[in-house]
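For clarity, chains are labelled A, B, C, D and E in written order, and residue numbers in each chain start from 1.
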């Protein structure tokens, strides 16, 4: 029930506090309407984003993951986004080997003033993920899968 | 630049009011080693009358011409007329949107299968052939002829579509004419409106707007107003008498196409350039040019130290 | 064999200077070698190089930090040593390397497959190397195998058979088998669709027993006892017997090795249930080579993911 | 001796399909380069030539065993009140392992005393284990040869040992001679045709031939007490264990493939309001195995951990459980060790050291 | 843990498109939540009291508020939970306004999303721990970058408050744009009369160290203790010896140097004192124009200087210092208006900028205050002003209003009439924007009393006709009629842009800037002079174009912030920093390698190498955390487990 069945897909965003989270706020202040699929996890810096967070999300059932940080040269911590750029690019290259469509993961740079750009990014990425449809999920352990089934009625 | 082969779209005026533009374009291209291949069974570009009514329909007309070009194996097209150019480009731009393209495709028999480009003759001469290459081939320089280049409103605008030269103060035709040897006068109104669209419904707009152009050109002492657009040419040339009458002026400024002057300078015989189609005769311009030349030569001869001045002006029409 | 004697001589020569010399000895059956830690001439006499000297002795070096040790290295082992050095995980002055021209090592899975119905590897009682052939005795019969058919994949694409860093090099350097890595193995894998690849991992990982031999056999896994695989803080994995957790561990291992893995293949060899875990690291190595022109263990400098440049000409950032 | 029955090889899949109607059937399957016990796919022929890489213990003692699941549900009536619901997992279904090895069957003897109240009255019994143990029948496939890593004879076993098996199956020519050893076993094979006398003889001959391929026990006759003492005698000999563990990677392959290793960890895996309590395999070769809540760890070095593994199997366990080793000599720990650590050699070196010093 | 959840309606801001009540109900089922409610304005006094009361009544140990962005009210609510006795870090926010109610149209989807964001926040909060700040000493010195009117104000205010001030100015003199102005609106008083004394105050203040002809080379460190290096550019004049007598400028034979101070209206000498009131009043040599440098021989100034101050060998000099706070007041430049081809793109000498016109009007300018047009030195009669040149023009990427042009154009029209009584001014404008004390009255006066003719419309073309310029525009109030005005002089009210080098300085200061190069304030309303980098403040037009009163006000505001910051002897560090689990650290050194702040060092713990975080240096970026393979370094408040909990709260359902 969490995901609006058939309408929303599960998209997780990791945003740096200083630029992109601010950009998403700016988009909100500007009332730039966006699809509702995205859920944002706030982190201090894109350099904080361990690529494994993205893998964790993708392997745990996310249909898409979006990372956004400060533009190169603008990092609040001077260098975090440079490391992020390398690590995320390498991660993107690994996804096809795991059988995951690399279009399910994107990273980009949005500054705190770029509300409109943030809207565009969210629009574009959400559309991209919807084009791909729901991701195939890896099976949980049988006991966890059974648990999930048993708990289903409790959630409503 | 070696031999170039391009698709050619003459546009409707090329068959009627601007026969001389079409003829001189073909002649110039021939002289410069550009092979023009006419788009087979070309039709209206979808310009003014169509695009004010329906963008899809207008683009479909343009798209049909590209589809026709494909049948002849043509991808890259040139056209002399800036209005045609604008609409052909517009159509290609619009069709980058899949939805729009689908609506166009629904109207045409043959959807486009390949990417296309379209350029103006002016752009090809200036950018692809190059001024140096043209200069090298000049056999009859226009030394002494004072000209003002008049680009018209469309040649460089809208800037995002035409992507050619400065939208407000272009210099490409200035430079081209200078390369032919002419004395190019700075013409601040080079992209001002001539009133073309009002030619039928509001003639007084034409006489006012075009009149201002002619006044300034004459005021600058130009021998000719050189144009690149069939509509401009028609207003300034065909209607010059009407303008004179309305404004109480007495202009007799020839309004040749730039291709005609390029052709002349390259040594193309006048009859291939359609000089006779111009209402305001070009001959006085050549006369003025020769007089200026003669004067210059005389001055030069009086000053032996100045060395030899080249004066190889040819005959006038 | 000449090489064996020469190496033994080199080992004996260095023994007095070091705490021990790490190399190879014989294993529980004729097809298996085992790591050997030599402290005496007697130990050195048990040294056995050659086709069955598969283990990567670089694995043990960090354990000996603070002591001086010598290590006999194949070309691939030397790459691991090179990477450990460039990351400062071992000290150059504490390690002495004895290199030799490696002729390739065995792949036991290939031997097992080649034997097929003829018997199991554990039934082999004797092995003789005759030129390009291996002559095995089992169930009282002899079986000839073509060495090339049972050589490890990494050797088939080996660019560095001669230890590129060696304090002592025994024998003549040999020509490498390949001049560049064409990642042909990945091409084979990538012939599968994305869905098939996902199904592939699902199937392969389902038999993982989470013994972490892959991790512990990796010379560059530095976390050792503190791996996130089993820690609860941070808690990246559950203890559930799920493909998701098992595959995720492989992703963790691979990403931790991105730009560091030298492709020695020990992870895959160590896997008791034969899961092709090297593939993920190969994929990353290809990306790293393409993006940063970096080959771990060979190229000098900081591993690419621990540094950056202001402009990244090879990274085409997406134009949104 | 019970009636011998005969099952032509060609009919094995069909017979197993029949069993699958009343049992969950596990059988060896080849996957990649490994042979593992899998819930059998209908109609498939089990792998009968190569011996399984892993033991069959996970059938009775799953790698991660759900003990129960739990849910906290908010009570809307009382602020802050949570109702905890515990749910027991379903009882295990009757299960058959077809193609277990005799060492696998004997391996459970190391489990039984531990999970059955340590054989001592009044100590808790582990119902999770016992239910599965009782519900599982083992069809043992007699080994026809010994491998270089086999040493079941050290622990009182043999390639065709009947100990712990419910049925002993012996491959002869193109069929299996089946010998039911327990009522559970009898139930499985009762429908099969009786074996002929020559088939019985062939089975017997196979057993003898297999026995002949076993390497003899070193310093025969076997003296478990001497081994236990020799291993214990090395308890304080750090140098000994450092040398023995030098090549060890400290991974868990040996313990997880071992039919007798029974150690576990318990974790709650929860997400939000609900979760499961899991009992999962643990390995004494891992550092975390002995990490205490205080942060202290008595076994940080792999030498200590290897000492525990060998000591436990050959000394400490026997001292608690009637002298029996917690090792069945299957040799999987040697065969699959990435570093070829050989537990036999460690024991022998301990014996040798004992002889030298005494 | 006992968690309380508060769902804020924010009036109808959230409540309008999110069913807050049902989000609160759903939240009650989340783990460890023992209390949940919806509230109209969580940030209001009763809203905060409600949270405090609930903490006490239900013995809550953690609080989640779902409302606006944490960038807005996180500090507010942290203080509230602190007042109730909780540690301020036992608090999480779910942003259901900017990220939900304001951007999503579907109420069901919004409500669902809001509940999920609350679940994420609850999941993270369950792993939050009490965090405590450490304190560290501060350096009581302020760096002010830029010596325009805003920087001067900030420097003087800080210095008067007793702080040491270092003022760095790029040009050879302070004064900025204001020093170039003839008069100021709306009082039409003399610019240099009001600015001059302030400049002198700067020079004479014992607490101010002035570096003119200098730029900030690098900045490192952190709030309270920045390390700054300033590059003093070579002026080829030893300023310790120069007395500012001006003899050199009189004798300099190179007289065709571009006059920066006078905006290129007339040339100047190669060695200059920019203007008579310059502070410091010292000469400097323009290298490119100086014959000694271009031709290798001259040396007139060296010969003539009475104090021997000329030094052709002088090199740039780097000066390092420690400061506690930084005020950026770098101002603006006029945009390059020559992109406007229709205005001649610089081809017509009598089309000039407003700042050039100021110099023509100024009594201390090159024409001595006589308005003479550049082409022929004639006094213009018809002066046309064109507003919004480079402002409010999307077509050249300048959509913003420069804010001050309407006013200075009006002022210039008045001054034109004052200087040339028989002149006529025409002003082409888009809108007259004159909000400010006495501003609108001023723009009326110029029309009503001074007869300036205001034409509402844009100019499409300027072209020369004889010695006149024809300005063609449209009069939109006359039915869109085309108007041609014959002008003798055209003055373009050129808009401003962030001064050259702004992005580079922002990068050094680690502050953000917008796409036009203006520095980003911490919050558009509530933190107008603060930045997101603690200890760095903004004053004047570098933050966005503004007029003199606003610049001065901001200078004082920034100074107040800096004074407030440095009024304490010790600062509290942010406890959201990295921490090393010594037991799990294997000493591989990867964290040390990547730390941008050198905040991690190697330590020897009983013979083993371990990493240790220097608490006051760590800025909490978490790069080390993402780098450490075994996760032995964890960023407090953003630990792996906390982020994983958020991910799992989203994905495992």
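Methods note: contacts are C-beta pairs under 8 Å (C-beta built on N, C-alpha and C of every residue); 3 or more make two chains touch, one makes a residue touch a chain.
Model, not experiment: these values are computed from the prediction.
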From subunit E, the most remote chain by mean C-alpha position: D
Chain of greatest Cα-centre distance to subunit C: B
Pair with more cross-chain C-beta pairs in contact, given D-E and A-E: A-E
Chain whose Cα centroid lies nearest the overall Cα centroid: A
Euclidean distance of C-alpha centroids - subunit B vs subunit D, Å: 92
Whole-Å gap separating subunit C and subunit D, where each centre is the average of the chain's CA atoms: 30
Distance from subunit C to subunit A - Cα centre to Cα centre, in angstrom: 35
Junction residues of subunit D - those touching two or more other chains: 64, 73, 269, 276, 278
Subunit A residues counted as touching two or more neighbouring chains: 56, 60, 73, 79, 83, 87, 141, 143-144
In subunit C, residues with contacts to at least two other chains: 224, 226, 231, 236, 238, 240-241
Subunit E partner contacts - residues on subunit A that touch it in the complex: 2-4, 7-8, 10, 12, 17-19, 21-22, 24-25, 27-29, 31-36, 39-45, 47-50, 53, 56-57, 60-62, 70, 73-80, 83, 87, 111-114, 119, 155
Subunit C to subunit E touching residues, read off their complex: 87-89, 222-224, 226-228, 231, 233-236, 256, 302, 306-307
Residues of subunit E touching subunit A in the complex: 69-72, 95, 97-100, 102-106, 108-110, 112-113, 116-117, 120, 503, 506-507, 510, 512-515, 520, 532-533, 576, 594, 596-597, 619-623, 625-627, 635, 638, 640, 643-644, 646-648, 650-653
Sites on subunit D touched by subunit C in the complex: 31-34, 36, 49-51, 53-54, 62-64, 145, 147-150, 243, 246-247, 249-253, 255-257, 265, 267, 269, 276, 278, 280-281, 283, 286-288, 300, 331, 334-336, 338-342, 344-345
Contact footprint of subunit C on subunit E as seen in their complex: 583-586, 588-590, 593-594, 627, 629-632, 634, 639-641, 644
